[in-house]
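Please read the structure below before turning to the comments.
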Amino acid sequence: MNHLKPNVPLRGIIPSLVTPLLDNDTLDMKGLENLIERLIKGGVHGLFVLGTTGEAQSISYDLRRRMIEETARINQNRLPLLVGISDTSVRESINLAELAAKHGADAVVSAPPYHYAPGQVELAEFYLSLADRLPLPLFLSNMPGYTRVNFAPETIRSIARNKKVVGFKDSSTNAAYFQSVMTTMADRPDFSMLVGPEEMTGELVLMGAHGGVNGGANMFPHLYVEMYHAAAAGNVETLRRLQKIVMQISTTIYTAGKSGSNYVKGVKCALYLLNVCSDYVATPFHKCNQPEAERVRAALIDIVKQL
Amino acid sequence: MNHLKPNVPLRGIIPSLVTPLLDNDTLDMKGLENLIERLIKGGVHGLFVLGTTGEAQSISYDLRRRMIEETARINQNRLPLLVGISDTSVRESINLAELAAKHGADAVVSAPPYHYAPGQVELAEFYLSLADRLPLPLFLSNMPGYTRVNFAPETIRSIARNKKVVGFKDSSTNAAYFQSVMTTMADRPDFSMLVGPEEMTGELVLMGAHGGVNGGANMFPHLYVEMYHAAAAGNVETLRRLQKIVMQISTTIYTAGKSGSNYVKGVKCALYLLNVCSDYVATPFHKCNQPEAERVRAALIDIVKQL
Amino acid sequence: MNHLKPNVPLRGIIPSLVTPLLDNDTLDMKGLENLIERLIKGGVHGLFVLGTTGEAQSISYDLRRRMIEETARINQNRLPLLVGISDTSVRESINLAELAAKHGADAVVSAPPYHYAPGQVELAEFYLSLADRLPLPLFLSNMPGYTRVNFAPETIRSIARNKKVVGFKDSSTNAAYFQSVMTTMADRPDFSMLVGPEEMTGELVLMGAHGGVNGGANMFPHLYVEMYHAAAAGNVETLRRLQKIVMQISTTIYTAGKSGSNYVKGVKCALYLLNVCSDYVATPFHKCNQPEAERVRAALIDIVKQL
Amino acid sequence: MNHLKPNVPLRGIIPSLVTPLLDNDTLDMKGLENLIERLIKGGVHGLFVLGTTGEAQSISYDLRRRMIEETARINQNRLPLLVGISDTSVRESINLAELAAKHGADAVVSAPPYHYAPGQVELAEFYLSLADRLPLPLFLSNMPGYTRVNFAPETIRSIARNKKVVGFKDSSTNAAYFQSVMTTMADRPDFSMLVGPEEMTGELVLMGAHGGVNGGANMFPHLYVEMYHAAAAGNVETLRRLQKIVMQISTTIYTAGKSGSNYVKGVKCALYLLNVCSDYVATPFHKCNQPEAERVRAALIDIVKQL
């Protein structure tokens, strides 16, 4: 049974799950169970594992496989399960997709092969060839900050002619670009348009996007679900109120430290303080140190009051 | 008489005017008059000259001075007049500001000194020192694509302690960043938060921004004014409808050619076809060639039908 | 038996081998044998497999393991063998290093974890922790165009305090930077300083670098070896003469096509025309098409005349 | 009398002069005289004013004009005088060039219009049109870090068909690229190929470049002249010895502070300590503070010993 219906876009909040870790090579199994139950209880519309928030590129293939298996086992098909298969090697992407399919995942998500930065023509060819070899529907993932390539709107349109390609998730933070893609895909209401950065999910859902792949939903799933519903319903007042809290999370928890890993380490630190899972962050990054954790704790206290 | 009231943010649509040119060194005076009258009639809330849309960096200082004088003369103080003074040299910026003040402009707009890319500390020092030497209120302009530096939200907050600094215009296209700045400036309701890219002005005004510095308003001032009012009033349905037209303009007229100057040359070509002003584009760029102009004409016909 | 002597830098031409492929998942075994025998006969000073020229990130882990095993088998310890272990996951890097050690490789080469761009502090920590867990000496590889991070000279110096770290290979093309690193490492004559781009290997060896990790040596090993010897001996006239041929290779064979993969596809096309191995290029890139191959053929004819 | 001979490339060390300042708007006249006399006595082969080292973009047009006049007056035609005319506006570039011609300058130097980043086609058109309107020979200046555009070798070749275009100065630090341009221009021995970064001038002159436009020569003209002669004569041993001192300057004096203005402020601080001119640095940057100046002093003492 696949949760994704033909010709209906995936909608709602699909959190990009952190990968709870005890160390670089060991899943925090209890933490993962806590996390998934919390998300389901919070009303999210899907689960996305092995994204950038999930530190997929930092952990071994064994652990990535383990993460797929365990998430599928815990989820028990209660929610649509999306699995990140981004890799520099097509073969490794396909291998992960096949494992995901075997365990009942609903779709896979793939950013362009990082390391080499392909052009638009090669991007289109790459995805068309990949889609045909995948056992599951495919979401394109745009992460130009990581991959050094940005999907041109026309490239998305051309790739989406293959019906295996069912949606687009944009983590570029460029709202003008996202609007251009929505315009280019306006005659494809079945094609799911999802926003990565939670800071701009509300406004873009209000303008027609289908949902958000938000990392903050790991901590406060209900808040993001509410924000989504307010935006989808055009309830401006509620949206503005919830946006304030979302921005407070973004400007406090995600800036706990100084390094480029702030976001993931802030989320993991908060989850630890909320008794959900371990705060371990995979190499080459680190979990919050004591002063950083204190700042996260203070921020959390203030945020929780408003929920 | 200054149009900007103390402790009240500037709101609405302030088009970034094109500079109508007959050639590299000659203003199209009739075109400039047509343009300004059209904008005033269209209901815009201010005029911004010598921005990037105005090709300020491509034209000589004589022409920039001329543009200030003539715009002021035609405007006759009917609307707030903002003048771009961005330069690599502080002295030249101040010179332009003094001329603007002499001719009754209401404020100046300054992007960080391009060429050299200063750090955040130098950015703050630069603007604090500049503000003190300016005869007019100052709007900060963020254009990281041109200046290779992005104002950190805390830098804006620190600069805005100087009451001569009255607002921020962001042309970064990064909506998550804009939301962060709004959050950082939340206790300063007097500080004007303006959006550059028209593709994302509606959604951000709806979320609390004060207005848009939009180039498309050169062509269709009334459309952008309507969009602003719909967004400011939280009228989602109207906003979505108007956003479709704004996006149609963006994805047809601004992509007439292949080069980096598409946007300005598309706007100028459309203005020419609308009998407003000349389509000449300053060196090193070019006006639309015949096939490009034909595409703009076809796009215009389709757009005008919907207005 | 390890070819790398304690306190003696690795010197000379260590070609970055292409990975001969029949398709995305199959080594061209005969081609690999031809290639290695050709390189050894050409007098090169070492073999480097699974670098960017070897398309390591495009091929599967199975194939990378296969490449290590087969290269080691064919080499039979005749030349120092360096193995690329660059990965986003430390665990996968270590796994490859252990396999390399098992098959008698002499050292491993690692670029910073791409995808995430770590800062200098994290870079140092990462490599110090990695070095301790590796069974073989380590060369740092600088590829800022791919990894979005550049080793600060002081970071290299600090990492090199660990005696497992024996050298630095720079593919940045920035000669001023390379000179800075040489200056910073001047009191470490045992630390091997290697140049990636062959266009600047000669001049930098002449100024004190120890050698080149050049892709062009796949095609013409003897030429690059001669260039190295001329440069190391300070034989300016010979160097200038050979540099002309090296530049002819660079400006003809590496620019056969239009895309970002030109370099690898040009080298592989030339190797095919020289009857060394297959010209297959891994996804997402392509081998030369017919007109591109004709240009390579014409260039080869002209180059071979001068050897 | 023009110092530039037809069909003979300009050769040697042409220092990019600092602009000695008492404050943002006032030349340090005595300092400028000291500086020029020192350079002439040091044996340099030309003077280049109003480059990036000269902070041209930071100072007013009045001051730029003043700098041209005063330099010409002091120089008294003793050395070839090159004047930077880089601007975003063609008109302002031409104005400066005309002033330069009037005062007897020998050539002008122009980087692509910063702010807007033109494509290759527009770059070629821009320079061909500019050259025709200039009263003096033109050197192209490549500064991709500032202008966000890199001259393709073929673009240089195409522009150089205009005989008013007599040379190319590259400040990209990319030695592989410089070698490519030399290869592309190999049949134009009259076209002057000059290197910006002094850290790589020696090696590239040794490989065939004609000289260096080096900022360090402000401080130690004789050292750079010696380095040039050693390189041009293929005297490897001397070159290696002098390169060590050049690198010591680069790694100590240019890194006195933390900000992006280090290089200019380090040179000006050293010139002040050497009793040549003021250490004032134009807004938005600062002169060395006390601890930075102490580091420069210590470095100078060590450097001077070796000269």
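All chains are identified by letter, namely A, B, C and D, in their written order; residue positions are counted from 1 within each chain.
Rule of thumb we're sticking to: contacts are C-beta pairs under 8 Å (C-beta built on N, C-alpha and C of every residue); 3 or more make two chains touch, one makes a residue touch a chain.
Keep in mind that this is a model prediction, so the values were computed, not measured.
Taken together, chain B and chain D share no touching chain. Seen from the C-alpha centroid of chain C, the farthest chain centroid is that of B.
Its C-alpha atoms superposed on chain D, chain A is turned by 180 degrees; the angle is given in steps of 5.
For the pair chain B and chain C, the distance between mean C-alpha positions equals 49 Å. Distance between chain centres (mean CA atoms), chain A to chain B: 35 Å.
Among the residues of chain C, none is found touching two or more other chains. In terms of which chains touch, the assembly is arranged as a closed ring, every chain touching its two neighbours and no others. Under the contact rule stated at the top, the pairs of chains that touch are A-B, A-C, B-D, C-D.
Chain contact summary for the complex, chain B toward chain D: residues 24-25, 52, 57-63, 88-92, 95, 112-119, 121-123, 125-126, 129, 146, 148, 259-261, 282-286. Looking at the complex, you find that chain C touches chain D at residues 153, 173-177, 179-180, 182-184, 186, 197, 199-200, 202-204, 206-208, 234, 236-237, 239-240, 243-244, 247-248, 250-251.
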